[in-house]
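The next part holds the structures, each set out as structure tokens.
Paired with chain B in one complex and with chain C in the other, chain A is shared by the two complexes that follow.
This part shows the complex of A and B:
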């Protein structure tokens, strides 16, 4: 051991600390084995379906939603909890718990970026092997971009933020497993209701308030595609406000004083926007479910 | 006279029905102060309050002239504080460098170049410079303890609170660590809790003995040792009347107490003798114990 005296207490601006910490957390996120597994499986699955001619391209988003989304949720949970054994020393540092949480939330940009890359690759695949026009059902280019963005980049970001929320608020063993099960049950049950009764407003509302939804169903013989109710653009906004709500809820855990008040106000505003966006998503888009056939003709689906 | 850098007046802390600290008055200045006391004496509670991770229930705490109860002042204190908890775990998969680097970011070392240089400096200081990139889980207990210590040394803080820093270290590492801490004590205020009285004797100018949440002794180490003069005897057999009797390496018995054992030879007391005598009847050791 050597000894030299360096009284050199730094005095950094909080924003600078958040940046540095977010950089560290992002690096840890990007190197986490589970995240790398998620990326790997997303790539493998993408390659496998690249020249697939079945007319269900609009459901491609389930790939990053699952592999990037669900696994990122577990990764961010683990990263958040990873410093718990060192909590005593961490708590004695000048950087607050809120700042640490903010950095962890920013690390959610890593799976979001992976989602963006997946999205870009998918558009390249579409350019090389273009799906038949009827396969897009009634969705125009903007709708499709909203759908795919929600199912890739936003799914990655939102899941990572949800992992931080669970880690900050639920301190019992298996909390993340329970959260993943609840999330999957929520998503699947919403799709199930819509599948049974596509024209119902309840089904649409359940789908539009779920963190993931599909928009079409292809008939077993691939002869037609049913478009379900809802507005992709408003649903995307709804998901973005859920992301903001999750980040706010996570940071609220250790916040005190004025920071707490600000976070509560931001959270309240996000909740209002989320409700309005969910309403708009449910009532927007097409009025009734439609069926698009191979010849491009469309008809109303009155009964599933 | 130097102003106190750490000042506690009438500090109390309870955990449910148990009194951990019962009216602690303590004023520390730059230098190394040892904190001794049996298990459950309140040492760790006291250190956690000084480390600003635990609020006192009652009384006044001032660190570097600031009140840790106030959030802004607490942050200011933390900028100038180093803390080694009694038990410190590490995030899985991190190397020694990565962990100390992470702690350095939390301590607001935002310039990566300067931060990395500082991380390397403290790792060198605790003798881990060569194995900084090894994963912590592959390190020995003593090496892990030194990683924990390294994070506390970041920035050579003005106040350093160390809870059993020498646990798990071999004699050579302990001697080396004493040298590092002695250097720091020339300008910083160090409070070192330990069960190793020889560390206190070798390192500290001052010692505080805590028992049942109260300060039982606070003064120079030499004064405490002096209280045991004339009460320490070597004899061929254990003295049943002694307060403490323990076999030494030479095969003779070291007896502590007021009475002179048959064939007793008076010897110079150590800090441990004085500490055990201070604790008196509450000391756990009875005749015919340690071999």
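This part shows the complex of A and C:
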């Protein structure tokens, strides 16, 4: 009697495959020259404004939003598209497109981590060169943390995810340039409407649905600072649900069968939460735009 | 139309040009809120110009008996499309929005287009289709310069209104134009010509030593 011992090849568990691929993609992301340029410029700009005494410290977040956010969007787009010339070989690999996309999405944690580091450095700068109390307008410590987290870590994560979405769904040359400009136009038009008519609910709604927003405006003479409408904490939740939506949309491109159904359900749930969070962000926070003067006194801004 | 022009990536060029022109129309329609759209439009128009040297059939074209410089010169003509359409858009925006000074912004557009073509020319030596990389690099640089104004202490690099110090801006962009011309000339020189000019001299020296 002859017995044959058959060794089954150990099938890689999906979770470990995603983890390994994500580690590889994160390494590629962290070493990408454009990402390193973004980190470098974030640091240089932060050092340049470290001892700046102007009262617009709440707008510091535009630095990581651009250099970590927008540049990470281009980096993740290029990383995602880098496998396009070898599509036939990649498609033959024993990992699904959804798994590869999930790994690319997880690599978005690299700019998010860079954003967290930037946030920590900024708080150290604030501890060494503390801004005047009135420069924080009406925002308390929790609000400020929500604002800066949204503009650094979440901006990096969200932009990287958006880059993957653009690379997966848009296949024409220059798609990423168009996507970046559309994103910036969306943000700028929302800010512009709010700047023209600060007390309007429309302006607040546009700002709260934009992926980046500023919360204050300083008058040209730096004598007072206006707080605009909206709730920073709800806006942060809104941005996080946008990140989840972006990851879902990116993975949906190659999903099939049960995975597709699950992703559609998750996407639907995220969309509902995003709408509710945007509504809460628009109606929450202060009731009317408030002007804070150098002496700490506050008044309602009736018209801009 | 020469074959070199026929093979230009018209889809990318016209797509970017149309998007840039639309943004300029928005800037014209919303004079107060649209000021920030002008740099974005310049970024899109320069991005469109960056695609003019894309050559998917580079392997075949590069082997043809026609120099890279002459092919680049013919293709660079295509960059006049985003420039012309953008200039018209700026003309419309200038009539409706006081913050857009036509002569200055048209000169800025010309500078941005020139930089985009120069960057594409430099990348074209290594990449058959440098458009996307060049468009991203130039577009992001334009937006960053307009947003952060890193040299604002000395000069405004991307002004749009007539009350800016245009003299210094013109000086900076003149230097940029000269550099772009140099980059384009160096990137399109014939590599064989450089090689042949150097070799005979080295050989003669070796013979004298022995």
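Assume the second predicted complex is superposed on the first by the 294 of 304 C-alpha atoms of A that agree within 3 Å, B and C clash if a C-alpha of one lies under 4 Å from a C-alpha of the other, contacts with A are read in each partner's own complex, and residues count from 1 in each chain.
Going forward, a contact is a pair of C-beta atoms (placed from the backbone, for glycine too) under 8 Å apart; a residue touches a chain by one contact, two chains touch by 3 or more.
None of the values given here were measured: they were computed from a predicted structure.
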Partner chain in contact with A:178 - chain B first, chain C second, else both or neither: second
Of chain C and chain B, partner touching more chain A residues: B
Which of chain B and chain C A:256 touches, first, second, both or neither: first
Partner chain in contact with A:193 - chain B first, chain C second, else both or neither: second
Chain B versus chain C as contact partner of A:85, first or second or both or neither: first
Overlapping contact positions on chain A, where the chain C interface meets the chain B interface: none
Complex interface listing, chain B residues touching chain A: 48, 51-53, 71, 75-76, 78-81, 83-85, 87-92, 99, 101-103, 105-112, 114, 118, 121, 124-127, 148, 151-152, 155-158, 173, 176-177, 179-180, 183-184, 186-188
Touching residues (chain side chain A, partner chain C) in the complex: 41, 45, 62, 66, 70-71, 74, 172-174, 176-178, 180-181, 184-185, 188-189, 192-193, 195-196
In the complex with chain A, residue positions of chain C that touch it: 9, 11-12, 15-16, 19, 23, 26, 30, 32-37, 40, 43-44, 47-48, 51, 54, 129, 131-132, 135-136, 139-140, 143-144, 147-148
Residue ranges of chain A in contact with chain B within the complex: 1-13, 16-17, 19-21, 24, 82-86, 88-96, 100, 256-257
